[in-house]
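Look at the two complexes coming up: chain A is in both, with chain B in one and chain C in the other.
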Partner chain A sequence: MQRFVNHADFIVEDMMKGIEKARPELEILSENDHVMKLKAAPIASKVGLVSGGGSGHEPAFLGYVGHQMLDAVAVGEVFSSPPAQAFYDAFMSVDSGNGVACLFGNYAGDNMNVKMAVDMCLDEGVEVKYVVATDDVSSSPKETKEKRHGIAGGVFMWKVAGAKASQGATLDEVIRVAQKTVNQTRSICVGLSSCTIPAVGKPNFHIDEGKMEFGIGHHGEPGMHVEDLKSAKDIAKDMVKAVVDDLEVKADETLSVIVSGLGATPIMELYVLYNDIESELQARNINIDKVLVGNYVTSLDMNGAALTIMRMDDELHELLEVEADSMGLRV
Partner chain B sequence: MKFTNQEGIEIVETIIACIQKNRDYLSEIDGAIGDGDHGINMNKGFTLAKEALTGKENMSTGFQIISKMLMSKIGGSMGPLYGNFFRGLYVASKQHEEIDGQIIGEMLDKAYDNIKKISPAKVNDKTLVDVLDPAIYAYHKEFDASQDVNKALTEMVGASQAGLEATKHMVAKLGRASRLGERSKGHQDAGATSAQLILESFADGCKKLLR
Partner chain C sequence: MQRFVNHADFIVEDMMKGIEKARPELEILSENDHVMKLKAAPIASKVGLVSGGGSGHEPAFLGYVGHQMLDAVAVGEVFSSPPAQAFYDAFMSVDSGNGVACLFGNYAGDNMNVKMAVDMCLDEGVEVKYVVATDDVSSSPKETKEKRHGIAGGVFMWKVAGAKASQGATLDEVIRVAQKTVNQTRSICVGLSSCTIPAVGKPNFHIDEGKMEFGIGHHGEPGMHVEDLKSAKDIAKDMVKAVVDDLEVKADETLSVIVSGLGATPIMELYVLYNDIESELQARNINIDKVLVGNYVTSLDMNGAALTIMRMDDELHELLEVEADSMGLRV
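This part shows the complex of A and B:
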């Protein structure tokens, strides 16, 4: 595979330098080159918002640092949780004395590192609370949904919490809306091809020509099943069914929707898929509020797409509409 | 039978060299049911530790440096797990100028306890615990019976190999491989593989110095 790279082992550092140069509102933390923060943070009297995770999911996670979005992100190696030290430095760099909310995806490594960093902050008298996104319906059955991984649903969580924090909400209020977002959000991925970690140099897994993996994870974790590649319409139907059934969405309810590419899928095809997804939702008499189509949370060069839905209410609607400006999302 | 903490820095070097040598092997094992970067991340952490050694460390402070590098630079699941493991080896030995079979046992216990503090993994979950648990048990069983530290280390290595082999037949219950369910059977666990390498090189390093 041909790629734009200098040294594969330092691809994350090189990307961060590029982002820092391209986005004047952002800076790499001077004490830790694996933390990207908003220059303006800590923002007086505002709860600090932090996320973090492995690289390779761009624009997640660091692309959601921005105005009325996240204040800082701990950046890990490709597909690998950032170390506790990076989370700790990110927390400390954005605390204005009002506490910090850490909003991240549910993976074993991230959980361990965040919890260690939260303890380290406690020793310094800084309060950090966290919410884990668990939107991937294929990663664990409904009975054990707290074990599910977080994928593109994080975008709604960061947007909603970012808006809430910018309104001067307390740490507990920010945590409440972030948790509500998680409770009302579900996602499903379909993979059409594998992806390659640059430093490994060969595909992470394999999908045969003419096949698709339904329910694939964001690092190529095996999905629910492998089947013959179908038309976009039939794939959309299955994706909608998977998330709508799991969230138990009823007719006349309202959803916001994200269709995110996984890295190598043309934007054209994402809209082909969205066309069929919307038809499918309408056939179920489900209303649609906000729609985001594009590359929001990717998986390196995987060909595939994720569908995310969030059940709306007045509060979530209002928070989604609040102005925001980041590399990954502008409202 | 014992050696000095000062001489013990050779054990630290032996473990680092072992991880560096097995970079590609560990990634290959991880690639079967994980994402194939275990060797890369381990090698990065242990190589950073090697670069941080000044030549003035003893065994304990050498382990402390490995721990710090894994915790501050590596991340993932293995950063905190092995970071805590090596911190245990450091804490349990730092006040001793001479290291004997009793202290080695305390080091192993502290290292394993530190992993249990942060990980919910149990025996049979197809993780590094499936190597550490039987290996450390075997060490104590032999040492308590014979007070022969060389024999105890040999028993430990044997049990670590058997524990690693057993992970091939287990279904992963934690971490990313757990997504595979039954399909994770037939492959040995990557974290268990690195744990086995670390225990075996630790034992080799000790045996060379014990007299």
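This part shows the complex of A and C:
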């Protein structure tokens, strides 16, 4: 395992210390070393925004704490949910009396721990509502789309909700726009090679040379199918079809797009892929609003890419345009 | 070779098309498809700023074209210099009558082609001066430091010169601050695994499992030595020593720092490494001003990291604080 690490069991703690030192606007919560928060939070008269999840997806989730973005995140070990206590501490640390919105991705552990933490807050008189991202079209059929996992679509959710909260919106208004991004967002991943969890020390799945896994999950969950590695153009075509068909996007509609690397994919190739994705959308007469290409939600050192689309309207367009400043996204 | 690519021989063109589509402020020069420029350039009354070099280092060099950053770049094939004609076309496309500064990294091909292009411009009455980055301490001994290669230190040079040019400085003033960043900047790389040039299809060097190459170059040039893979803390100690000793940084001086991944290194590990680098600098009573951690100058899919330090003074501090907006860096 070729890694920059001291002890694999403390890689998350060491990363968090590094982030706290590198980013003066952030701090590790003194009561819980698995919560990273904006120093400025709680912000008076603003709904608190929290996310959380397993580590290994950097810059998610920590990297989206920032000005007019998230106020805090609960940080789990690599690929595993933070405990309920971490979500609870994150919620309590950012509540200014206006309630807290928890915006996270749909995984069993996160779901369970968020719900426990929400109940714990209720006992303290702090209202927490939540929205669960379910953008990964490969993780469950359309008929059971509420069972789908959340992947890079969270970036749109955090940006939109962060902007709305910064405008003084109520908790219900923040929850409404966050849920709207979930309803309007779809993602699909393609994996070209595996990733290695530091504490395990060997790849947690395998993709043969010359093959690709279409629809792979962010932790290596099996995709829709394994097939021969295609050209970027053909991969782009399949990825666009998967998300556009599922969201039922029609000609003349407008999308915002994220192409996120999964960790080990050269930036050069993300733009090669985006070039073909854009051509494919153009061929369908679909308009493109915002475009993000880079490492937005990763899976350790997995080689692969995710395509995320969000159907736009005037409200979402305006909220994406609002100034924001975080490690993972600046507008 | 597990890659998102159509034809390896056209990967650079495809990437450039993708970037042009994703970034509305940029355009491929109509006369030369290996030049990317800011649409707004040439900017009246401003010195034009150009860089260039081989591809495969994304977001360098293209990603530093932007508002108050570079005005254009000449784009070479993977790991090879752009031809003189590309530098010439880049220079001519951004000159507003105030001259052009070419700020590039020290490699034989780039040196030769920049100098030819400078002469070609002179024939047209356009003045171009240049500064050559030589930050890689491993590539030549201190006695012959003018022979050293340029690596991630270019980011500081482009940022500082971009800010200075945006303030209406003359060509000589821009050249002065760019040269100052070179004089004050040192870098060192550590490689944990090789990279693969798409048109070649197999790794262009090899690092054994359990080993690391200290001082590796950005194209896999042999480093100072191969040794057993150390802990992040020990690697950080060696990296800090290499650059701090070479620059003769003393206690109570102030540095700005870049920790750049080389392409395939998880972001998590870059922060683990930064945590130890910061501790090492603290132990030497060295102050830290700006910190950048991420993929700033890469080498395709190489697993490794570079540490860059720049000795700060009031002028450099003020120029690093000036607003800037590019794919690779936003302030």
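What we mean here is this: the second predicted complex is superposed on the first by the 331 of 331 C-alpha atoms of A that agree within 3 Å, B and C clash if a C-alpha of one lies under 4 Å from a C-alpha of the other, contacts with A are read in each partner's own complex, and residues count from 1 in each chain.
In the analysis below, a contact is a pair of C-beta atoms (placed from the backbone, for glycine too) under 8 Å apart; a residue touches a chain by one contact, two chains touch by 3 or more.
Predicted model only: the values in this text are computed from it and were never measured.
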Exercise. Looking at the overlay, what does A:Glu173 touch: chain B (first), chain C (second), both, or neither?
Worked result: neither
- Task: Look at A:Pro82 in the shared chain and tell me whether it touches chain B only, chain C only, both, or neither; answer first, second, both or neither.
- Result: first
Original post:
In the superposed arrangement, does A:Leu229 touch chain B (first), chain C (second), both or neither?
Top reply: second
Chain A contact check, chain B vs chain C, more residues touched by chain C
Note to self: Applying the document's definition of touch, where does A:Glu58 land relative to chain B and chain C: first, second, both, or neither?
What the structure shows: second
**Prompt:** What is the contact status of A:Glu269 with respect to chain B (first) and chain C (second): first, second, both, or neither?
**Reply:** second
Exercise for the section: In the overlay, answer first, second, both or neither for which of chain B and chain C A:Asp289 touches. Expected result: neither
- First, second, both or neither for A:Asp33, with chain B first and chain C second: neither
Chain C residues touching chain A in their complex are 2-6, 11-12, 14-19, 21-23, 55-56, 58-59, 63, 192-193, 207, 209, 212, 229, 231-233, 235, 263-276, 278, 291, 293, 295, 298, 300-301, 303, 305, 330
The residues of chain A that touch chain B in their complex are 9, 54, 76-86, 107-109, 112-113, 115-116, 139, 197, 199-200, 202, 204, 217, 219-222
Listed in rising order, the residues of chain B that touch chain A in the complex are 27, 31, 35-37, 40-41, 44, 71-81, 118-119, 174-176, 179-180, 183
